[in-house]
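So the structure is just underneath, and the comments pick up after that.
Per-chain numbering from 1; labels A, B, C and D assigned in written order.
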Amino acid sequence: MELTLDILSFVLMTTGGAFVLIGGIGALRLPNVYTRLHAASLTDTMASILIIAGIMLQAGFSLAAIKLLAILIFLLLTGPTASYAIANAALLSGLDPQCDGSTVGAADGDDESGEELRS
Amino acid sequence: MIEVVFGVFLLTLLVITAVAVVRTENLFVAVMLMSIFSLLMAANFFILDAADVALTEAAIGAGITTVIFLGALALTAQREKRSPNGRFATLGVISVLAALMIWATFDKPRLGDPDAPVHQHVAPWYLEQTPELMGIPNVVTAVLGSFRGYDTLGEVFVVFAACIGVLFVLSAGQGLDRGLFAPDPESEGLRHHLIPKVVGRLLVPFIVLFGLYVQFHGEYGPGGGFQAGAIIATGVILYALLEGEASALNALPRSVLLGMVVGGALLYTGVGVAGMLLGGNFLDYSVLMSDPVIGQQVGIVLIEAGVGITVCGSLLSIFHAFAAREAR
Amino acid sequence: MELLGYFNYWVFAIVFAIGLYAVIAKLNLIKKLLGLAIFQSAVFLMYITMDKVEGGTAPIIQKGIEGQLYSNPLPQVLILTAIVVGVSMTAMGLAIVVRIKEAYGTIEEDEILDSDHTA
Amino acid sequence: MLDNAIYLVVSIAILVTMGLAMARAILGPTVYDRVLAANVFGTKTVLLLSVIAFLYGRPDFLDLALTYALINFVGILAVLQFFQSRSRTEAKEAKD
């Protein structure tokens, strides 16, 4: 029983770790703000669920498990809200959500326009 | 071993962030990087076994610092003008200074050395005596509240003075109407944004509740008045962001905030004076009750409450002072 | 491996120097305050580095565990209060910067000095 | 031992992601990328702190992660407010 729980939590946590990594790579590699936001936020929620579920299995039924549940709930509430706020702020400032393929691969110096727009 | 590697990685990121903060010309970006800097600091404090300090950095750095800096940026400029070249002399002197300091560190005890001089004097006594004299597990709270009560009283008065200073500097010569988070007849706060509004409204009570938990659980786990005051202030700032500053001021008017700032400091001093009246020294809690251990506990709870009230009131007053200032 | 024991102090020295550089060399007053905050954090880091004891844990005494080492509570107390005082002081500085902006119309040090000389 | 190995794998993944987010925060190019990076950093710190709390065997320090989970997004909402109020003043100036 103990071993099954260990293996299960190991699987959950490694997949969670993989999701975290995918989100990080997506946030670095994708071409513009909106796509990066998509990668980061989508994997953020999934990774949080998996990792915290994994830790909860290790914690057993204790106060720590309840705190972890609270952390998970708050992360699931605030994460998407923060993503919404960022996307909205970007949209308000007139950053174009359209991405025409040509900017892919030139992610480092492409849309300085967004920053120039601000000054 | 593991923690050393974690620490090295996080500290390297910390240096990179610090360089980026100084190099960037967009002040808004600098503030965002500063919030990352604070997160890294908190993680480092946690790895270095300082849970209370990490909690303080978390409570202050994540919300309040960013909000106050953004409020100031909205009132000033968002871009730095390009600094003139020819700062090589400064850079040279600073590099020499850094090199000298690094050279000097080789005389310091290694990280985590149990024989280091810092660990030889009062610290073991604190760790040994706290359970006997106060009966509370968190030694940091015990030292903060009782052993070094004078020190903390001084810090509370510094926060108090800073708050009064900000109010003096910022409320002079203006009507109290417009600013970054100010009531605007066209739109109050983030009311148009349904998602933040719903989620935020849900979270405000939890943040305040968690702040109270940190306040009163400070004797048993990481926490205490400083952290709790900051967390509760963050909760109210969230409310002000969502509903507009006017609603927050309706809920907690300026007079109440000022009363909190003054009242907290007075509560702290009052506990000290009560000790004197009962025949002990200033800030000696043992005489408050017939049992000295219970007396110490009562004293610590009271002064922590005073600290929390003052910090919460000060941070909120500062926030409102920045928010109400009209941009010119 | 021995040398890694000093790494925290090196980082302290470097971050300290970076903050000091920003305070001295940058002309923008808000940048100076950010530099001051970095400088402050470097000092916090040094104090907290000193509190660490190998094999120790945070100084919250656990019942029923004998011989557990705890980290030094004293630097933690000093820094805990210093963080809150630091943010109040930063706010005070920002308040003065806001007033300077209103009086001079700029927050660049050289321009402020120029307008003082011409006046 | 096995437990520690699990926590170690996850925490290394989180640390690497923090490094990637840091790269995004420094590369930019727009300010929203930096805000996004700060947000990613925040959630990763919450996860890292919870994992390390268990790695050290002191689960009562989860309070820290809980603090971040609760108040990290206040900063992000302040950013939204900042841009909203500025776009409104700009619109007003354009009208005048």
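Rule of thumb we're sticking to: a residue touches a chain if its C-beta (ideal position, glycine included) is under 8 Å from a C-beta of that chain, and two chains touch if they have at least 3 such contacts.
What you are looking at is a predicted structure, and each value in this text was computed from that prediction instead of being measured.
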Interface ranked first by C-beta contact pairs: B-C
Centre distance in Å when chain A and chain D are each reduced to the mean of their C-alpha atoms: 9
Chain A and chain C: spacing of chain centres that average the CA atoms, whole Å: 30
Between chain D and chain B, distance of the C-alpha-averaged centres to the nearest whole Å: 19
Contacts with 2+ other chains: residues of chain D: 18-19, 28, 31, 35, 37, 42, 58, 60-61, 63, 66, 70, 72, 77, 79-80, 82, 84
Touching two or more other chains - residues of chain C: 57-58, 60
Interface hub residues of chain B, defined as touching at least two other chains: 26, 28, 51, 73, 193, 196, 200, 203, 206, 221-222
In contact (per the touch rule at the top): chain pairs: A-B, A-D, B-C, B-D, C-D
Residues of chain B that touch chain A when the two form their complex: 26, 28, 78-79, 193, 195-196, 199-200, 202-203, 206
Chain C-touching residues of chain D, taken from the complex the two chains share: 56, 58, 60-61
Residue numbers on chain C that touch chain D, as the complex places them: 57-58, 60
Partner chain A, residues of chain D touching it in the complex: 2-3, 6-7, 9-10, 12-14, 16-21, 23-24, 27-33, 35-37, 39-40, 42-44, 46-47, 50-51, 54, 59-60, 62-63, 65-66, 69-70, 72-73, 76-77, 79-80, 82-84, 87
Chain B-touching residues of chain C, taken from the complex the two chains share: 2, 4-22, 24-28, 30-31, 34-35, 37-38, 41, 44-45, 48-63, 69-85, 87-92, 94-99, 101-102, 106-108, 110
